[in-house]
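Multiple structures follow.
Each of the next two complexes has chain A plus one other chain: chain B in the first, chain C in the second.
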Partner chain A sequence: MVTYALFGVLALVVLAPIAVALSASPNATGFVYGACLIVALILFLLALHILLEYPAASTVTLPLGLPWLGAHFRIDPLSAFFLTVINLGAAAASLFALGYGRHEEAPQRVLPFFPAYLAAMNLVVLADDAFSFLVSWEFMSLTSWALVIANHRVDENRRAAYIYLLMASFGTLALLFAFGLMAGADGHYAFDAIRAAHPAVGTAALVLILALVGAGSKAGLVPLHAWLPLAHPAAPSHVSALMSGVMTKVAVYGFIRIAFDLLGPPQWWWSLVVLALGGATAVMGVLYALMQRDLKRVLAYSTIENIGLIFASLGLALAFKAYGMELAAALALTAALLHVFNHSLFKSLLFFGAGSVLTATGTRDMEALGGLIHRMPQTAFVFLIGCTAISALPPLNGFVSEWLTFQAILLSPQLPSWGLKLMVPAVGALLALSAALAAACFVRAFGMTFLGRPRSPAASTAQETDTNSLAAMYALAAACLIAGILPGIFIDALAPVVQALTGGQMPVQTGVEWMSIVPIAESRSSYNGLLVFAFMAVTGMVTAFAIHRLASDKIRRGPAWGCGYPDASPLTQYSASSFAQPIRRVFGSLVFRAREIGEMPPPGSSAPARLTVQLRDLIWDTLYAPIGIAVGVIAERLNYLQFLTIRSYLTLVFAALVILLLVLAIWP
Partner chain B sequence: MIRDFALQGLTLQGAQMLLVLLMAPLLTGFVRKVKARLLSRQGPPLLQPYRDLIRLLRKDVVLANNASWLFRVIPYLVFAATWVAASLVPTFRSGLLFSWTADLIAIIAVLGSARFFLALAGLDAGTSFGGIGSSREVMIASLAEPAMLMIVFAIALIAGSTQLSTMAAFMNSAEVGLRVSLGLALIALVIVAVAENARIPVDNPATHLELTMVHEAMVLEYSGRHLALIELAASLKLLLYVSLIACLFAPWGLENAGISPAVVAAAPLLIGAAAYVGKLAVLGFLLAVFETAIAKMRVFRVPEFLGAALMLALLATLLRFVSRSF
Partner chain C sequence: MQGITFDIAHMLAGSLVLVSFMQLYQDRLSALLNIFALHALVLAMSVAYQAFVQDAPHLYITALIALVFKAIVIPVALRRIVVKLGIHREIENVFGVGLAMLFGIGLVALSMVVMLRVTSAADPLAREDLAFALSVVLLGLLMMVTRRNAVSLVIGFMSLENGLVLAATGAKGMPLVVEISVAFSVLIAFIVIGIFLFRIRERFDTVDMQAMDRFRGEQR
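On to the complex of A and B.
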């Protein structure tokens, strides 16, 4: 089975040089994205087939890489699940790019890297030894970096790519150390050997921290998230969708692989760290998202929020697993994996929508958009579905995974440790807060972009996007609805993954009457998305029909009420900043040190009044900026080494040699 | 036999849907009447809300020039979501046919969907009033929803279920006793209910001075049948919260069928219905007294008020985590 998958990856790798050769031709965009679409679809179907039919792992060793190690590849249920997520996202992005890619200014800067990037993400999930894992991981980072800097003439993008490159190297370094510490007997780096060797408690703890730093920095865990909201929006929109919807999930895969599989039985306090990070990430991510004006940056910060939710569920699963509560661990892990899948659907959908808006209007600034629901009705419709899904509202899919997480939290009073007894309810409150704020965030994102009156000429003359882009968005929106109303099927498909990692399994859902989902027992909790959807649709339609038939169906148009001042300028509408003002005032003064300075002209003067809002990014200011300054200072100090005489250099080299020899002599 | 059960179940569920729909304007009218009497006014007749609804339904809709298709769909969505949520809360009998469709967390989330769309409607016409209403509504919701979820957690941890029928059955049993966490949850629930229904001191349902209101500013552009649906949805939401408080904290007289269908007898149903009407009257009266006795808050005092609810509910949940006896 794994060989078929590798053939698919090979096809993608081969596609990259072909794209280089073709890039001058006008048909290159269609060819490359079309080929990517086909390969990704085949890989998706293959992975789905493996996930549903073959719970046993299949392995292959290729004579690549280090001569004594070779390159090990393996598909087990966990990698099969992540392969479906990756390739579904990749297929949707390729379909979207068939239309969107035509507007690319420099296609030769995107086309070769796109298939290579897809291949790299697939390889990370397939890798079965530390060496191929790290190489694929770095390959993924570099190809995505190349895509981030595709539009390199914009200063902002170059800065984003630079910070991304630094953070990606830092993350890989952490993972390198993690794998180094985990090495099996005689320094074997195949995952089998690592799995067989159980590191000491202290080493295992260190590995967990390093894995959190390495995978967490790629996924966007606070405080390692700083690069993400810069890099994800800078890339072309279909790549943004892949980075946010899919690549962060590859990072989640890396963490799950290490913490649940390779590292052996967990300690209870690991979960404490993961839960705290997850809860903090969820709330911080969504608060940042609420303060942004750039539509794509809102989406990037919201990715951070969702990663927080996923990690919080993973933390719960670790806690349950540490105490041998297999059923509860299975429930929490199912919640996390289902959210991985759901988030990949709606985040890709939303980035596609943002990309369509960007092509139609040329701007991502919400203060210059508005009223697009009239100009782009179809994009507005699918974007609305994405917004509803990501705000965790029934009957769509975001709610299901959130609901499962809450059900898992309700099982946690049985955990014996006091630290967890205090931590879990606090994290539950943080998750509840982040869910409510996410709804506010997406009311704002949709309302400012698509509703109201256009705030700029570009927004008032926008055109609906092309058929391919719409097809990709409709497909994802339909998937969001299906996963929302029939979640039982998806929960059952996850059963082999969860079984392999926790030893437990949730009750089988497909046999439940009316296709409800029942995590533990029906008397405890159940949810039926299908019926909620059907009830809402039927009552809504019957009401509309009855009212139109029996009462009135007449409509008149008139100006909106403006206190008697006719035809106010569109600038008098609520803007993205003013919409966020109440929330900024409630939460921002604490989190962002937000300050509002109002300058009123003296009475009688007709000068405009000004309102200035100051926000500080405390994480940047207290963590990143000092490191940056320190590096600068040290570089300045060491700079004189560059201008020494040859004698001084020779002395330095000699001194270094002597010191190293001394160290070797003293070393026991 | 099974078909009989299913038929009875459907009838009872349908009866509950109609009951909440018909009672909701009456409750609103009752609260208005009591408030007026407390202020020594005559007040509108009890049935006035029904007349208002019928009159609104017959009138033409006047849409703002800029209003989109979404603006016209939202009243139906909001009404449908609120109605579905309200008919899933036990009123006269628990364990109805579809009671397992959504547990309490899902019911709260369905109400969240209604609010999400209503806030979007406020932004559609492109006026400042809609914007001010929507932005304040989501600010209030961002605190009220987590508080509500924490309340659900606290009660669910006591009852061992998030299923409303099971919770009500547990609350009606002798096991429940007096608990600190229940008391905290009740206070928090009352605060959240007041905020969610835009009542004084958070918002004023009677004012039409645009700048002081939240909910009314958001729906300012609605007219005719759309406005009728939104008013009816607001009444339904009030009824939902009153029923919720009644079924969790005053479950007496609620006929308990558990989760499985049982033989329907007339006497307990009548007792349940009479008890329900009685509870609505008492809670509606208390609401009117509370509203008359208190002044409206400044908007930026509301977060403190709701933050208190969130903290109380979190404390209740924490107590349950710490010890089973609280």
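On to the complex of A and C.
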């Protein structure tokens, strides 16, 4: 089985040089994305087949990589599940790019790296030894870096790519140490050997922290998220969708693989760290998202929020697993994995929508958009579905996974540890807060972009996007709806994954009447997406019918009330900043040191009054800026080392060698 | 691996260290080149003996490479360069000879202590060989650090490589790839550095490193 997957990856790898060769041809875009679409679809179907039919792991060892190790690859249910997520996202992005890629300014900067990037993400999930894992991980970072810097003429993009490269190498460094610790002094880098050897408690805790830092920096855990909102929007939109929707999930995979599989039985207090980080990430992510004006950056910050939610569920699953509560652990892990799947769907959808808006109007600034629902009705419709899903409203899929998360949180009183008993409800409150704020955030994103009147000439002359892009968005929107109304099928498909990692599984859902889902027991809670959907559809239609038939079917057009202002310029509309103001006043003064400075012109002057908002990124100021300054100072001090004589360099090397040997000789 | 076998291998590796010491106190370039040829010759003998003892015919190739290139071709070529540059009578020393020798003795002691401790589980011949090889490497480095003539730097570098070859052949079962790559790296280094010598000479009329530093506008 794993061999077939590797063939698919090979096909993607081969596509990269072909793309280089073709780059001069005008058909290159169509060919490369078409081929990516086909390969990704095949890999998706293969992974789905493996997930549903073959719970046993299949392995293969290739004579690549380190000579005494070889390259191990393996598909078990966990990697099969993540393969489906990756390749579904990849297929959607390729389909979208069939249309979107035609607007690309320099396609030769994107085309070769896109298939390589897809191949790298697949390889990370397939890898079964530390060496191949890290090589694929780094390959993934580098290819995505190349995609981030595709549009390198913009200063902002270059800065984003630079910070991304730094953070990616830092994360890989942490993972390198994590695997080094797990492999131990004898260096058993194959995952089989690591799985068999359970490290000591202290080592395991250190590995967990390193894995959190390494995988978390890629996934966007606060405070390691700094690169994400810069890099994700900088890439072309289909790549942004992949980075946000899929690559962060690969990072989640890395964490699950280490924490649930390789590291052996968990300690209960591991979950404290993961839960705290998850909760903080969720709230911080959505608060940042609410403060942004750039549509793609809003989406990137919202990814951080969702990653926080996923990590909080993972922390819960760790806690339950540590106390041997398999059913509860299975519930929490299912919630996390389902959210991984759901988030990949709607975040890709939203980024595609943002990409369509970007090509139609040339801007991502929400203050320059508006009224697009008239110009781009279909994009607006699918974007609305994406917004509803990510705001966790029933009957769409976002609700199901968040509801399952809260069901798992409600089981926390059964935990024996007091620390967790107090911690979990607090994290639950944070998640609830972030869910509410996320809804506000997406009301704002949708309202400012698509509703009201156009705030710029570009927005008032926008054109609907092309059919390929629309097809990709409709497909994802349909997937969101299906996963929302028939969640039982998805939960059952996750059963082998959860079974392998926690030792338990949720009750089988497909047999439940009326296609409800019952996470624990019928008496406790159940949810029926189909009924909710049917109810909403029926009541909606009845109401519409009643209004149009029984009341008046005439459409009346009248002047809009301009709040008493005679000048009805579009700029007097409610803006993105004004929508965020109440939330900024409540949370912003604490979290962002937000300050509003009102400038009133003196009486008699005709100058406009101004309201300036100042936000400070405290995490950047307190964590990243000092590190940057310290590195600068140290580099300044060490600069003279660049100008030594040849003999001084030789002497330095020699002295270093002799000192190291002396240390080795004296070391007990 | 006992008795006379061990003794001969030990003697050859030990004499390589001895020749390294001889290199340290040669302050004339032509004499230094002779000693380097001797160094390579001892290495070739040692490798050939290892080939005989380990019954590994591919090591004969390594020995042959060492003999032809390092003991004959490179010293002859370097001698021609030196004569051409007119520096074969030049005397140079940065450190005092006595100090350099003392330092060298310290390095040999250090490599013995380190290697014999680290490889306590290995085959005794390989242990001794590795310890000697490390000494040769360190002495080669020491020579590179103490000399200021570019030609002596080249020789120091190549005697360092000789130490690496000794280490590679001392352990049983090293594939030939290692030796060939080492041999070629030396050859390439020789070519590159040889070209550099000419270029430097063309530009600055000297191969004295201090002169180059002066040209870079720096003081020491």
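Following the convention adopted for this analysis, the second predicted complex is superposed on the first by the 646 of 668 C-alpha atoms of A that agree within 3 Å, B and C clash if a C-alpha of one lies under 4 Å from a C-alpha of the other, contacts with A are read in each partner's own complex, and residues count from 1 in each chain.
One rule holds in what follows: contacts are C-beta pairs under 8 Å (C-beta built on N, C-alpha and C of every residue); 3 or more make two chains touch, one makes a residue touch a chain.
Keep in mind the model is a prediction, meaning the values are calculated, not measured.
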Determine, under the contact definition given at the top, whether A:I646 touches first (chain B), second (chain C), both, or neither. second
Which of chain B and chain C A:L615 touches, first, second, both or neither: neither
Quick one: classify A:A183 as touching chain B (first), chain C (second), both or neither. neither
On the superposed three-chain arrangement, identify whether chain B or chain C touches more chain A residues. B
First (chain B), second (chain C), both or neither touched by A:L657: second
Using the touch definition up top, name the residues of chain A that touch chain B in the complex. 370-371, 373-374, 377, 380, 384, 388, 391-394, 399, 403, 406-407, 409-410, 412-413, 421-422, 424-426, 428-429, 432-433, 435-437, 439-440, 442-444, 446-448, 451-453, 516, 522-528, 531-532, 535-537, 539-541, 543-544, 547, 551-552, 554-563, 568, 570, 572-574, 578-583, 585-586
The answer for chain C against chain A in the complex is residues 107, 110-111, 113-114, 117-118, 138, 141-142, 144-145, 148, 209, 212-213, 216, 218, 220
In the complex, the residues of chain B that touch chain A are 57-66, 68-70, 76-77, 79-81, 83-84, 98, 100-103, 105-106, 109-110, 112-113, 115-116, 119-120, 123-132, 134-136, 138-139, 141-146, 149-150, 153, 156-157, 160-163, 166, 210, 220-221, 224-225, 229, 259, 299-300, 303, 310, 314, 317-318, 320-322, 324
In the complex with chain C, residue positions of chain A that touch it: 643, 645-647, 650-651, 653-654, 657-658, 661-662, 664-665
